[in-house]
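In the two assemblies presented below, chain A is common to both, partnered first by chain B and then by chain C.
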Partner chain A sequence: MTKVASHDEISKSLKSFVEGYNRNAQLKAMNRDWNRTVLVQATDISSQHTLVLRDGELTLLEGTAGEADLTVTAGSDLLRDLFSGEITPTEPYLDGRLKVLGREEDIIRLDFISLMIWGE
Partner chain B sequence: MKRVVSVSLGSSRRDHEVRTEVLGVPFEIKRVGTDGDLERAVALLQELDGRVDAIGLGGIDVFLYVDEHRYVVRDGERLLTAVRRTPVVDGSGLKNTLEREVVHYLAAHTDLLPPGTKVLMVSAADRFGMARALSEVGCDLIFGDLIFAAGIPHAIRSVEELRRLAHRLLPELVKLPFHLLYPTGKKQEEIDSEKAAKFEPYYREARVIAGDFHLIRRYLPERLDGQVILTNTTTPEDVALLRARGAGHLVTTTPVFGGRTFGTNVLEAVFVALLSKPLHEVTPTDYLTLLHRLQFKPHILPLAGDIDESGQP
Partner chain C sequence: MALKRVLPLRTVVATSVGLALASSSFVAAVQVASFVAGDAAWLAILVAGVLCMLAALCFSELNGMLPSAAGLRLWLGRAFGSGVALTVSLLYMAVLTGIVGAESYVISHIMAAVLTFWSPAVWIVLMLAFVTLLNLRGVKLAGNFQDLVTYAVLCSLAVMAAAGLARGQGSLTTPLSPGSVDGFIRAVAVGIFLFVGFEWVAPLAEEVTEVRHISRGMLVAVGILSVGYALFTVAMTSLVPKELLVISSTPQVLFAERAFGAAGVAWMAALSLAASLKTFNAGLISVSRFMYATAREHALPSVFARLSYRYFTPWVAILTLFVVTVVLSLGVLWTGRYLVLVNMAAAIESVVYALVGLAVIFLRRKEPNLARPFFVPGGMIVPLVTVVVFGVLAVAVLVTDRRALLYLVLGLLLAAAYVRLVVPRLRERARRARLARRRQA
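On to the complex of A and B.
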């Protein structure tokens, strides 16, 4: 595992995350009521992406896109590993390597979603 | 006199102390809430260690059992390991046995749980025994774990789906601070009116609302229409609230001591104190034997009409 991931590597992980989500019909149905914008940004390289959840569909945009409901911040390697499903968010969130800003209930819900995509 | 203390992460406003006899043995049973303060709970547990006969941990689960799998809640484990000498239990050892018995009793001996009854269990991952028993007696189930813990409007409708989601989610969720998943401290004193309105259809669709009372209470709608509440740890104030909101019956799975029902952790601690054997040697059969010796039956309180709020008709 390298210490710094590139923007393209993060993009690839996020695409995989979005595909994993959109393949899961049950998860899409569960989130039909939850329209949120999530900004994902790296702390060690210039890299920003926006995940937009609308009516259950998740899309990925490069850069920022309006005001975010949740902001996910971490080192580039962590973001890459997190969104590719190599690691789960709980430990890095608890030890402070992963910061998620937003309403507590939104943070919990995002955690549930990521676990339902990748968790085993 | 045997002394049992329950240290709870719940509100100190629910503190209670009774003296009673259980199977001829005098007991002093006390509940101390720490208002969600984990550090205070640890300090209190260390202070009690070696000075009482058994300790219960309330307002938090340490172990979640889903079939043969046992998940350890990290915050709960921290409390458990603060105690070195006195037997300490969280109620999970007894819960499966007791609540299964209660469900089968209600189905066999009352008209409160006929086959096909629509039941909302506000959370089932912490009460898998009750969930399975309700399924076994033919209830039409909704498990609200995703709804009430994460705000995800997805009703889990079978034990199989519950099992699958539990195995997927619990290994990680048990690591989170417990207060993120469950109302502790002051949150136990407040009804979340906004969410109560949002979740109202789930309550109204059901004829029986089962599970953890703090969750039931936190999202209790303004008006029920005769539903049965199947739970424990209710105070006289809770009974008054349920009556005012229109619940039909309150069924509690633990005995009434001094006008209120304590949590399963308290009853398990009482049993452990009675058994006088090392905790690791205690089995579900020991608990079942004690329940039968106590001739234990669930406490069924009709809430319509003029009935004393302590639970005495």
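On to the complex of A and C.
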């Protein structure tokens, strides 16, 4: 595993995350009223993506788009592994390698979504 | 792209004050008064408040450097390693759960005295069930409503204290002479309990309109609490004999009755109920979220990571806590030993503040290049003083109450053994399950 992932690698893992989400009808139904914008940015390379959740549908955008409700910040390799389900978010979150900024209940919801997509 | 931030300074102060203000605080305030001569408790309370401000400065530096809802767990982990952080956090959360036991003892006696149709045990179950239900459904009080309740309680206490002091005019006994040094140190040590929870406002760092509001808010909150508690305690001891207050589990009601009669009792019951429900709610939220996060990192059984599909709340953790707090509260009600929980909370809080001071020192050396939007002024003086003073205060509390010392040592050994022996097995099991799922996929 490389220490630095490329922007394309992060894009690829985010796409698999979005696909995993949109394949899950239960998740879509549960998040129908949870409209949020999540900025995902790497600390070691120039890479920004935006996840937009509207009416239960999740879409991925390159770069930034408007005001974020949540920001997810980490090293590029961690972001790649996180969104592809290689690792769970809790441990890097608790040791500070992963920063998720936003309201606590939104952070828990995002964690729950990753749990539903990738398992424990 | 900017993050949406909504909470003003007013809400940070109200949240911090609201977290610390509990019905059991008045029991602790009377304990403070019992260690000093005459009506000099206000001096010990103000000193405890100033010392908590030192801790608040250390919290501010860590929070600015590593803002996270994980808070203490993250800071201690970065400074001393994840094993120490998990051990301390487990013990801290267990003692916080114990505060609910002490709090429910006090408030159930107040409610049963005012509304006599239910016994304290029924009140305990009802109040905890009500807060559990709110938590299960993810109901959050709106910021403005919380502000209103906290400031209403504060204003009421200020008015009651002023009126009480006015009624007992001229009857203050040695208000400037606290007596022996030993007694004064013990008074300050127990006084720390009055401020337990002010720092739990730190996880709001990313919701406030300005990050500096957290450090300012904590300092203002500790200042308000110091003055409020000091005035109210002196008003209590000036109007009601200390001997009566000390043996009562509801000293604030004795005072209210003496100062304002039946109306005062009803008023105080309403204030205490509001304060206790806020304390139960804060305790349940903090501990259940901690259990959820700890289960997600496989340091607690994974069942505690189950979230409600409808409300997105950790329902297994919340229901488990309901059972634990009810059993604990009924146990406290049966034995009447609520003061040991107050002393354990004061001691563990002092230990945590000392560790926070130490974490500031360690992290300045270990990670000097991390950006620090807030830097405690005066070099190492404030963190060092925080470590030494709170270390001494923890010892002072535990020397006074050997039972609290015994329970804390047992708790620490249990937590350390759990982290060393059980957690690696849980993690290994989770790793194998993950690998098996991968192979299947």
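Following the convention adopted for this analysis, the second predicted complex is superposed on the first by the 119 of 120 C-alpha atoms of A that agree within 3 Å, B and C clash if a C-alpha of one lies under 4 Å from a C-alpha of the other, contacts with A are read in each partner's own complex, and residues count from 1 in each chain.
The rule we apply is simple: a residue touches a chain if its C-beta (ideal position, glycine included) is under 8 Å from a C-beta of that chain, and two chains touch if they have at least 3 such contacts.
Quick caveat, the model's predicted, so the values are computed rather than measured.
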Touching partner for A:M30 - first (chain B), second (chain C), both, neither: both
Touched partner set for A:T90, first chain B, second chain C, both or neither: both
Contacts of A:E105 with chain B and chain C, given as first, second, both or neither: both
Chain B versus chain C as contact partner of A:T71, first or second or both or neither: second
Partner chain(s) touched by A:L39 [first = chain B, second = chain C, both, neither]: second
Partner chain in contact with A:L61 - chain B first, chain C second, else both or neither: neither
Overlap of chain C and chain B interfaces on chain A (superposed complexes): 26, 30, 88, 90-91, 94, 104-105, 108-109, 111-112, 115, 119-120
Complex interface listing, chain C residues touching chain A: 1-4, 66-70, 73-74, 77-78, 82, 138, 140, 203, 206-207, 289, 292-293, 296-298, 302, 305, 307, 309-310, 312, 314, 430, 433-434, 437
Residues of chain A that touch chain B when the two form their complex: 26, 29-31, 33-34, 88, 90-91, 94, 104-105, 108-109, 111-112, 115-116, 119-120
For the chain A and chain C complex, residues of the former touching the latter: 26, 30, 39, 48, 50, 64-71, 88, 90-91, 93-96, 99-105, 107-109, 111-112, 115, 119-120
Complex contacts: residues of chain B adjacent to chain A: 146, 149-154, 165, 168-169, 171-173, 175-176, 180-181
